[in-house]
Amino acid sequence: MMDSGFDRRDFLKVMGWSGAAVALSGCGNTSIEDGKETLVSYVEAVDYQIPGVGVYYNSSCAQCDAGCSINGKVREGRVLKLEGNPASAINRGKMCGLGQAGVQHHYNPDRLREPLLRNGGSGETITWEKAYALISEKLKGVSGEEIAFLSGVVSGHLKVLLGNYLSSLGSKNHFVYEALAPGVVRAANKKAYGVEMPRYNISKAKVVLSFGADFLGAWVSPVHFSQQYAQFRKGVDGQRGVLIQVEPKMTLTGANADRWVPIRPGTEGILALGIINALGIATGDIAAAVKGYDKARVSKETGVPPGHIDKIAAILKLRSPSLVLAGGAAEGYAHGSQNAAAINLLNHVLGNVGKTVEASAAVPFPQMAPAKGNTAALKSLNDGLAEGKYKVLFNYAANPVFTAPGAMKFKDNMAKAGFKVAFAHYMDETALQADLVLPLESALEDWGTQVPEYMAEGAQINILQPLMENVHPNTRSIGDILLALLKQSRAEEYKNYEDFYAYLRSALVQNKAALGGHAMDEDAFWNETLTKGIIKLVGTTAALSGKAGISGLKLPAPAEIDEQYPLQLIPSVNISLRDGRHTNQPWLQESPDPLTTIVWDSWMEIHPKKAAELGIVEGDIVEITSRIGSIKTQAYLFPGIHPDAISVPIGQGHEAMGRYAKGYGVNPLKIMDAVFDRETGELAMHETRVKVSKTGQRVIVVKDESAAGAKQIREKIAGRVYTDNVDLTKEV
Amino acid sequence: MSISNLLENWSKFRHTHPVDDKPHDPYKWAMSIDLDACSGCNACSVACYAENNLPVVGKEKYAHGQVMHWMRIEHYWDEDVGEEGGREFPDQGAQFLPMMCQQCEAAPCETVCPVGATNHTEDGLNSQIYNRCIGSRYCSANCPYKVRYFNWFNYPTTDNVWPAEMVQQLNPDVTVRGKGVMEKCTFCVQRLRAAEVTAKSEGRLVHDGEVQTACQQACPTSAISFGNLVDQESRVHRQWRAQQVELDKDKQAKDDHEEPSELRGYRILENMRPYPSVMYLERVRESAI
Amino acid sequence: MSQRHLLALYSNFNEAEAVVEELRSTQIKGFDVDKDLIVKSPIEHPEVEEFLGDKPVRVQWFTLGGALMGGLLGFFLISAAQGNFYAQFKGGKPIVPFPPNFVLTYEMFILGGVFITVLGFLICAGLPARRSPLYSANVSEDQIGILVKSDESAANTLKAIFTKHHALEIQEEAGR
Amino acid sequence: MKDIREDIAWAKINQDVLKSLENPRKLYWVILFVAIAMLGVALGCEVYQYNVGMGVSNMDNPHMWGLYIASFIFWIGMSHSGTLLSAILHLMHADWRKPIYRFAEAMTTFSLMTAGLFVAVHLGRVWQIYYALPYPNERGAWPNFQSPLLWDAMAIFTYLSSSIIFLYVGMIPDLAICRDRMHEGWRKKLYTLLSLGWEGTDRQWRNFRVTYLTVACFLIPLAVSVHSIVASDFGMSQQPGWHITSFPPYFVAGALYSGCAAIITLFIILRYVFRFEEYMTLPILKKIVRLTFAIAMVWTYLNAVEFASVWYSHDQASKDVLIQKASGTYAPFWWGMIFCGSVVPLTLAFKRIQTNIPVLFAVSLLLNLGMWLERWMIVAPTFSHGIYPWTWDHDQWPSFVQWGMVFGSFGWFTLLFMVFCKVFPSVSMYEVKEMVYHRSQESKRLEETGKFAAAGKGAH
């Protein structure tokens, strides 16, 4: 792709410079500032650029943590569109909507452009030098104990560098917080299979029984699972895969299921044990333990009709291998670990472990493996902040002020930290509380490596490389910043690295033998790596070691209906907004929620039966009150939810961040109780109980579906056949 | 000159283009969408926004129904769900349907445009000429699928549609449309033209898989396939043939058979005779569960 | 020989008719009743045509020509426009389709007919016309005028006939 | 209840009508002022819509057409009764049309001009409207002759130009009267120019008679074709509620209906404003009212036929649209249309109402309202309940811009019409003379044959 020795930064600078100039002529929609930009003729073309011809660079998507590889189209120095990189085993050239919107993060008009220092109520623009000096000054005389670093998921060389920085400060307080992490499931998997995230081979399964795992929507690695799902539907041995989804609120995966089973919130484990009992193939102590879970009792406690339990058991027995998944809806309770354990037990009983639940490959560099985020970390940070333990708080890639449950009072506690530094892309809720805000490059401008938590086939290291010159010249790479901060105390050690790029290159090139480049010289290896955007490794495979144990599995009886707060609040995960960090990307705001088609707002899903009971109709503004507080939003009558639950999507309700996010919708996390899983200490997302009351106002719900409720009445619009015998593998 | 030309080429002008006596050659772009694979995730729609410079209209205009999504994901629930006496839950899921311009062979929109801004192309597309359009909106009024979108406002100059930075993302291969013109899915005609021209300059035809539409390229479940229906070897051609769906029929031969078949291919509103170029494959639902 | 115009006004059609009858029956040298007599009336009156004798009206021929021309032009111009310029391919329809062109041909047929009929009217009625030598505003109100052109010599005879039938007013003017 | 006096002096006819050109009642100026104000509202709306985009009208996908197209049909329809009075009744020798056909013909012309404006107002890019005109151009691209909208344009152009010509030709003898009677000034010059030197010679009259008759013959099929073509804008589509066989006659009947109702309204206004009591007599009004009643019943019948054929067919989509019209968002307007269009005209069957001017005025306005609603109910419901269920029942309400434009169009029409009536004789003088002449001849003849006592008297 490039001559060896050619400095990529310079190359990009050239491209970027010309990009800014040529952008003028590119579209009819450019604003030109008089005298500030020069009209450049194509006759004086810039090297490495053919006007009108796009070049493609491989990089990695940073919109979520699934680790998809992307292929960016660059024209005249501007990145235009992201496609999937077909070479990646994770996404195989495919992209989700969230990933596509990465360019809107990159070009977002609300991105931070300059370092800002709090000056009373407002921010004062300062230089980077001053910012670094300030950090150095604030860290002086502060012990490592008093420093906390909060981040989202970090992996690869950034994680290494961050670790080094913290150790240079003498601090061990790295809190990795991920608002929507499958923390409980990881722990349960560790127990049941010996690994936190085994490889779920959906494409091999003939039946997938998913307890609230929205693997097509927002769970773990949705693009990868979507491809597996497509194969699964085509079927193995001429038998089309059957998907059964058990959850109280229909997710995208539930909407695609052959049978969607609404269940009383929190009783997933009971159903899992009931199915084991109904299967009747378990032996020994398992059989004994599930004996009590007879159909009548399970049906009564879960609300699932006995017929369904029979059918599920029958099909699982008939078609093997199958796969049972435990997801967000099952783990979000104080007894979440128990639920997940019961569900995982089902895989053991069905003999799926080793067949569809496989050992996963790991990168042979444990220091690069992702620091997995969870919500327990937030709790301990919050407790520490509340005690006033921390004098300096760093924050990167997390927005706890927005995502922490209201009961935690994170914002108040954060104020107790002495000096708060936020590395941020937007002036989001957390950055707004910081004393020093440092603007970051977007993922399309930055260098880095990424190690995905969920590996598809073999192990891989994803390369992040700039697709174009910085949109805002004064933003910096998080790597560069950490390196600069590191040099404050360990200048000697890092003097060879001019910047993060140099660090990254030398780190990878030094290990080229281990990275599959032993036969190549350094430049060739480096160019090859950048061209491919992925380093594929054989990886180490940890064998599955867990066993089917039932000891310690104790499921509580379903919770009693609370008279005062009779409904269960399900803060649902919207497939494009996720935890709200992408809300300011207008494509995502205007991308309708697949199940309700509502855009640009929050809503409360409520079952029509319950709504009729409460006298609520679509568009009623309702007040949802928990012990913590209340929010007001529009009601949407949705039959895909258990009548005992209501659901409000996460991601809206920003009070800051930018023009496309601020002021739209409400944040259900604001009224969330701080209840934790008893075993893992993870936040129980579904344990908040609420009451709903009408406010008397009514609005027209802004959505794409027709008011008639999206039913096809006359013509065959979306066709469907019912059959238990179809061989799709024969199809073209 | 004009009358003599008219008389000399009379038979050419009287051809009914193209469904019966003048088949497409060498290209007829067509699509097939497997609804069993489609998960309704909206990736195609966002990809379309990125590729085709679609404006984000904002909440207020969305509320007015002025959204511009060329590719929209529809979902349908079973009729009895939530109705009195019906099922309480949609326990067989939703049915998702990606809906965009069906590139009809005998498009109802084409004949009614007073200025001829929408026409049939030689490679079987239903084209829209933006700078010819005067905005009578008759085409949309006549579209059975309602997949034509009108520029109710001048989006390029509307606040927050494309702020200065986002302008740089706009695809230079695609026009940014001003107010008062109709637009719709083009099957990513800019990609098709580029591929056709490349193939022509290399003295060959576009081979299958060489060109992808943006929606097809993004689709995580590969539910969309796209290609040249004339090419016997193309995946689309093989799919259409395997499903026994023929382009110029308003009722497929297989539909006359009473016995259940494994063929899932159908076209929407076929009986109205627009001869759509998009074949859908029915979603399958397991009856054993 | 010099000519003279005379205009006599009458208050009703019966008198005017009587005058014309008498002029017709009387042989006057230098006055030809078919050529030199014009009756002006405030309303269209079929009896005037009757007593003036059969005079042909040729407007219909214009109508026929106009309508046919309009129709033919309509069809061929439209077909030629469809065939000779940028062809507008419409799926399922030929480039020169008959049903729509027939609709337009029909409209052009009427358009041609109306326009050429009116043109024919102007030509046949000699409009726009220069004002005739003698005119009375009373003609447009309620009186019937008889305008004659004759040799100088016949003027007195004519005047006598006019007066005999109770002419309300007689105007005369030396001719060119 | 007096009809026009047979013995009325012809000079008085001239005098009375010419007076209308000079001093109408004060109400005239009030009407003119109000009309200009209304037009101002529409102009403001258009400027706003032109600058910001069609979106300000609140139209959307799928509601691509709104009040503009509905009003377009309304105004086109209104024009038809002018042709009815001037052409059809002329061929039938109905002499009572003579005092009123002139203003009816003017109404035809001006309502067509109003309708034409709605086409422009409706377009998303009105500045490119010339693309739709069939003329040889450097672009090498002609409009699409297959589009019913182009047929519309062609038909309207033909109809408008023919109507103007017909109006003008029929007015030439009257212009000559104006020329003869008007004192010096710009008007005199205008009339002199326009009267083309008409002197009422036998040759002029002879050709005039044939021409007038011929053009009248052309106008009748033309008028029918114009509204059939407007009907085909809808009928040619495949949309439910539009794709209906009976649409062309239904549209034509509706057109005549709304036109007649408008004639009653304008008759009453003109009669008062220009003091035409002696010419626009109650017996004439009575005849128009009876004609209106008959057409109302034809329209009602065709309406019923439409419903029945939809109901009886297996076209479920059309059936749904019909049900939705009667029970959905538009139900109040749809029922309003039925009430105003089919129930209100029943009052016209009563003799006492047939000559009761205040009641007739109110009734005629209601009929017009009903007919306007009819057009709206043709256009709008199909959009909110078409073939494709995804876009059903999406609520849409026209914005003030649309309403303002509709409101203003009445001002524009009134302005044109009122100015016309002030500049040109709105009662045909020569034809009123013909009418009284023939009537007096007839009664004289009857008297002579002794039948007068038996038959004649009762007629008046």
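General observations
Per-chain residue numbering starts at 1, and chain names A, B, C and D are given in the order in which the chains are listed.
What we mean here is this: contacts are C-beta pairs under 8 Å (C-beta built on N, C-alpha and C of every residue); 3 or more make two chains touch, one makes a residue touch a chain.
For clarity, every value in this text was computed on a predicted model and none was experimentally measured.
Contact count check for B-D and A-B (C-beta pairs in contact): higher for A-B.
Chain B and chain D have Cα centroids separated by 43 Å.
Measuring from the averaged C-alpha position of chain A to that of chain B gives a distance of 32 Å.
Separating the centre of chain A from that of chain D, both taken as means of CA atoms, is a distance of 66 Å.
Note: centroid distance chain A to chain C, computed from Cα atoms, is 90 Å.
Counting partner chains per residue, chain A shows two or more touched chains at residues 700, 705, 710-713, 715, 717. Within chain B, the positions touching two or more other chains are listed as 67, 72, 74, 76, 111, 116, 269.
Listed for chain D are residues 141-142, 144, 146-147, 150, 387-391, 394, each touching two or more other chains. Here the touching chains pair up as A-B, A-D, B-C, B-D, C-D.
Residue ranges of chain C in contact with chain D, taken from their complex: 38-45, 48-49, 52, 55, 57, 59-60, 63, 67, 78, 81-82, 85-86, 88, 90, 93, 97, 100-101, 103-104, 106-108, 110-111, 113-115, 117-118, 120-122, 124-132, 135, 137, 139-142, 145, 147. Across the complex, chain D meets chain C through its residues 9-11, 14, 134, 140-142, 144-147, 150-151, 154-155, 157-158, 161-162, 165-166, 169, 172-173, 176-177, 179-181, 196-211, 214-215, 218-219, 221-222, 225, 229, 232, 430-431, 433-434, 437.
Residue ranges on chain B touching chain A, taken from their complex, read 35-37, 39-43, 45-47, 49-51, 53, 56-59, 62-63, 67, 69, 72-79, 81-82, 88-97, 156, 160, 162-172, 175-176, 214, 217-223, 235, 238-239, 242, 260, 262, 264, 266, 268-269, 280-289. Those residues of chain D whose C-beta lies close enough to touch chain B in the complex are 52-55, 58-65, 122-126, 128-129, 131-132, 141-144, 146-150, 153, 233, 236-239, 383, 386-391, 394, 396. Listing the residues of chain B that touch chain D in their complex gives 61, 64-67, 72, 74, 76, 99, 108, 111-116, 132-138, 140-142, 144-146, 148-154, 179-182, 269, 272.
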